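Next come two complexes built around subunit A: one with subunit B, the other with subunit C.
Right, the complex of A and B next:
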């Protein structure tokens, strides 16, 4: 471990000490590229950090840090190892602690609450989400941009389906850690995309893994992104309480959202200062689903009986995935599907950055950040692609909304390929519905 | 005023003390001029620890100093709030600090008039989370951070408002003396142009700090200084919100002072050094870090921006006490001392003011001015404690977040920063140049903090040099101001002086980047001495 790691651990915000002012972060920042309002990661991060501290008026006298979308590209690019985006996020949390937060931010961060409210009245709520007048009203009163990417509510949550199907929520006697995984579905699957959850479970089970879904809540990332750390800590603590026992017993925790899994792997410790043994055990046990499938394949345990999908699909690896530092496992998996050609978007950020792209005052920035990506996706569609692929939900919604091209999770494509193979084998497996 | 005299009093030395003397003389209606061989506050006053003492540090070792400190602490808060960050201070007892000192401390403070308050440890650690958990007791004291350049600047400006003049880059090179031995004039030389000038006067105050012995010698008087070198380390950021002192008799790395964006750990104390040769040694750095660990565990792994040293203006106590007939106390204090060289050495009209603290600069000025004014038949009272100094720009009292808030208020991201680390805008630098058109980059640094952050000038030096050059091109630069190439090179050398002793870790990486920018990209090694072709030829 280098000193920087130690410093980052002992004095989290002190990783900024390593900044040599080289400007690499400024050259890669997608936000400062499109707006002069944001002075760039170097300024709001390591530079401003030296001026924040207790004193007259406010500890954090700046607000431009709030324009940081939190994509984390700066942190990855920094040759000195400064946790730039994390420093910015902590600074934002400091501002929120001092000055409070808007109702809008508190609301859009509380996905568990939104799902609880929205699911029972899904048809009605979804009309509202599509209704121009309602959205206009939402922008004026709440500050949620009328064209911000919001996914429709599912009529039934993933968890409700799981319960109805009487599927396992805890370990059964004689469970084997190498053959059983814990699924962390996240709010997106629970409230908006339960089909993705079913695709994931289908694939995992097909590959011989038992899937259990113990109690869990939103990972807390939306609260983290909006600087609402106390709320995020509540969520994190409850998740750790539920998940740590499995992690300690050697079970893997697998997720279909690269954002949630990154929160479990990194943010709980780096931002929320939850650095206890539970947090470490959970972080070490957490896998992104594609990462896990590639691991199975590396061991020769993945069913490679994929049916051909003759299509060229644009694939956008989201920022959060890149922060995992696991390469692009979805690309490796796509390569196993005969006929499928996945084209890396080769674009840094879609702009959504969780809830950033929803906010009335940030929407245009988010659109500008993602514009080259949307153009590429549209061009791919014109060339015959039926859809795009991306591992993170808010990015998917942003791409779909802004390019008009349906955008799915990589495992949905894999699941489709498996199903086609089953159909071809004339003895179709039961599809999870 | 006798015929030929240009002023009543010449003040030698443009540190805090000299500036204070000039102000006091002027406020009493005496005509006075100050000469300083370098930039104002470039001697010990600009190379000190940054602490507005409560006096608690000296309650046992030097009760007179302690009393002076607490009294002047209150005065400065009143007359110069814009130069003070009221951080407060703690005295903390580590396991290595003696129990009996801890026991005696509150009573000793009370006796000196210094308010202390015991602080529960959980409260201490909440306020100062990086402090060692081995600390076993803590007291709150009225310490603060004191900004020396603004203080000296404000004091000189006040003196000017009262009719005095002050000249920098003007060194004293000798004296003209009357037949009776008393000084009649001060001979000076402009250190940049070499031009010499003699200033006739009725009296001279030597406020040359650690150099006061040299000045006395030039006048044929006797004053043995034993300057004490003190070295300090500047860290990249604050580790504490308040001043942290060890609850023990004064030692090496036992005070941590938050100063603007950084914190300063110090100091060592090594006697008998030439005040012009204050080099920080490896041994001192190791000692400071080892002691710092007791206050903030892990500090020796943190980023150090530079090391620097100052020279304490300590006098040889035995020599001075022999002549100190008017000294009421038998106890020899390390507090300040006024020396009347007429009475002692037969050099009439010359007084030296030595010892003291930056915190007590006004009191020192008052005491020597009392003596000089009396000799010149002036009985106006001292008013320096009553009249506030002109306000420096910015917040009052000063506040860490000031610059960040100001830039945000101006629209944030579009601020035109010359020095990114210390948030020095082009406007701020231009204003400083407008005020003093003959400034070198190092002079600009002192009043603006240019180049004082983590990159130590790597990025701002070329930008600032370009500003100098543009001003020279349109005739707005003083003829004595250095050419941009020279300014760039000498500033780089000056910054390197402080980074070389601590060239490890992050700062070494930074140095390599700096070297790459300067030698590689800019080719500074190959720069001509002069930027302007015509000038170079002439």
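Right, the complex of A and C next:
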């Protein structure tokens, strides 16, 4: 950020005055790469912004800003420090505020509700998700594309497992902020990928950290992406209420979704205007899990007893991770596993962008954006890779469904490596018996 | 982040070239930049040295090396090596260069119909140079593409003097399939269209249909593909029946995007890291050494420790150096001393004339370390490259690309030699 930094933080649209019309953003936008319907970041961002009133949605020149997938690549490429994606997102929220939102968008954004409805009937719901007729019906009535990447519901939520195992949901007496972390699992781990949550906890505990899981809800990012700011603020406030006490007391909040953790770090303040002390404390305390593990390693505190995994794996760093500004911590960790070679996908965006790739009218765009990535992943599989890796859930589902190659979170690979090490270590003992 | 051997700051030509060369020599490199820049605005060729009166780039280098304080005064012996290294890096790719330091600087037409001297160009622009020998210049525009105006360019070229130029200058415009129905058209969207073989075949046929009989060299907007440029360029020459050269349009410059992408791929393929979008916000020092820099992040900062830090953030235009109220100059990463003309002499009266302020920058020693007014290095493990360097007026002297790759090469080679010795 280089222009009126403080002011731009409070009001991203203010930064658009710094636009020098150089068009760099138009050369990196993955959406305008594949569709003529989207005029590109420069037009819907700094140019259209001049026509928007104080409500940001009022007098919007047209609806084309709604084609922005929110990947944020334009903001990072801009040499003048214009917060293009942030401006676009707020403009969409302005339009939604004035003109309302579809039932579809309100529904697919409400992941906590979907999980509450889906988990108890997971086997049935999952048949529905795989049933072509049901999906066709869903597309015709709701506008959720029949081939949109949806993960199957877990039969038991992560939180239910946590409760059953009687694991801590609050600090215990004598907790040490340097040895205890708060796990923000997000809605994806809770309702769709609880195994990832278990992998994460296993790794954190192996490295001497006590993990607590206090009450929490979906971070609200799906609402933010769909311009439903009031609903997003409800989620954000409840999360901040639960998490701020830990942040203030010096505990780190760690997440396995680079999308959720980016919402805690940035979107709450930049999009939702929640710039109070709670939001700042939580933002400063939030870590992506790979970022945290690299930090442990930098301090010499990471257990590096990784067993070899002799494989070359394609790794796609998601857009949200790149917006963290923390480098590529997963690549640093992969380098610690003997035999493992992670290959950066060198591709801008998988296309999914949260709920974007689910929408009937956006599905093809999302597929076209990700197509070169899917081809690379398929080629890697043909060359012997058993899976791909990626840090954000909807990107994983998109890559897995569109390439046909299983796609996992980086920590799942690390957890596997640790487990192999344990197995190798325990074998001699077994032989002794 | 595990520490890197070298952190390069800036993603323009000098930063990319330096990081590519270092990564290629086995060093661990992290390139951090606050945004993308100069490659996307410029023509993608190599302006090495073309001050007024120079006959070749080599002659231009000698003339500039003779003026005290010019970066070439320190580095002129290394330019040929640097150009060779840069060309070797790009050989076999779609951004391979043609021409050399001893080729006569030839006037080539710009998108607005001016002439600029050039010798080393990307393969796709190479046919713009060389004697015309009775051939005509056909500017072949693309209908509905508003960043290229061939009639305007032809009028300007015809009105101006062009000694030894084409026998005839003519402009024609082709309507390419489907463009009339498109909502948005810029150089990048056109280049993406050209990458599609089916569309390309129809587009080139439509272009061939407007080529009048005669012996032409054909200038087209620089939109002949991003991924498949080499193939498309060859295809275009075959279909249009003559030598075809790209003319970079208004920004974004597709040849520059290709160059950026190729160098980016080089760096990451060799294990280097690139992070774009985050400004340097803090520097950790230890006396005259920099221990680490911190880049801005979504929360906290990212600490990047290294043995050496290469400053490639540019001058005023690249915002590596900022002028504040009261004409205070600030080098934005390390706060290095900035050398500038007297503040009463920053600007010329005529806005279209060169402005002395262009020459401001960082003074360096032979190792390209920043120095203070007494000549002492300010920071021992910082090197300064590209248009951050003081003493050149790259618009007027047309030496920006040459200084960029030469300073990048000098630094990369000396660091590689040092790590080999260690």
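Just so it is clear, the second predicted complex is superposed on the first by the 413 of 433 C-alpha atoms of A that agree within 3 Å, B and C clash if a C-alpha of one lies under 4 Å from a C-alpha of the other, contacts with A are read in each partner's own complex, and residues count from 1 in each chain.
Here, a residue touches a chain if its C-beta (ideal position, glycine included) is under 8 Å from a C-beta of that chain, and two chains touch if they have at least 3 such contacts.
Computed from a prediction, not measured in an experiment: that's the story for all the values here.
Colleague: So, does A:33 touch the first partner subunit B, the second partner subunit C, both, or neither?
Modeller: A:33 sits against subunit C, while subunit B stays out of touch.
Colleague: Quick check on the superposed pair: does A:14 touch subunit B, subunit C, both, or neither? Answer first, second, both or neither.
Modeller: It touches subunit B, and subunit C stays clear.
Colleague: Touch check for A:47: first (subunit B), second (subunit C), both, or neither?
Modeller: In the superposed model, A:47 contacts subunit B only, not subunit C.
Colleague: Report for A:326: first if it touches subunit B alone, second if subunit C alone, otherwise both or neither.
Modeller: second
Colleague: If we overlay the two complexes on their shared chain A, which of subunit B and subunit C does A:22 touch? Say first, second, both or neither.
Modeller: both
Colleague: Check whether A:283 is in contact with subunit B, with subunit C, with both or with neither, and answer first, second, both or neither.
Modeller: second
Colleague: Is A:63 touching the first partner subunit B, the second partner subunit C, both, or neither of them?
Modeller: Only subunit B is touched by A:63; subunit C is not.
Colleague: Given the touch rule stated above, what does A:80 touch, subunit B (first), subunit C (second), both, or neither?
Modeller: In the superposed model, A:80 contacts both subunit B and subunit C.
Colleague: Shared contact residues on subunit A, subunit B side and subunit C side combined as an intersection?
Modeller: 21-22, 32, 36-40, 43, 80
Colleague: Within their complex, state which residues of subunit B touch subunit A.
Modeller: 85, 130, 236-238, 241, 261-262, 298, 301-303, 395, 397, 399-405, 407-408, 412-415, 420-421, 423, 453-455, 458-459, 505-506, 509-510, 513
Colleague: Mind listing the subunit A positions that touch subunit B in their complex?
Modeller: 3, 6-7, 10-11, 14, 16-22, 32, 36-40, 42-43, 46-64, 80
Colleague: Inside the complex, what are the residues of subunit C that reach subunit A?
Modeller: On the subunit C side, the touching residues are 1-2, 30, 34-37, 40-41, 182-184, 186, 188-189, 192, 251-252, 257, 264-265, 268, 273, 275-279, 295-300, 302, 318-319.
Colleague: Taking the complex as given, what residues does subunit A use to touch subunit C?
Modeller: Subunit A residues touching subunit C: 1-2, 21-24, 26-28, 32-33, 36-40, 43, 75-81, 262, 265-266, 283-284, 286, 294, 297-298, 322-329, 331-332, 335, 344, 346.
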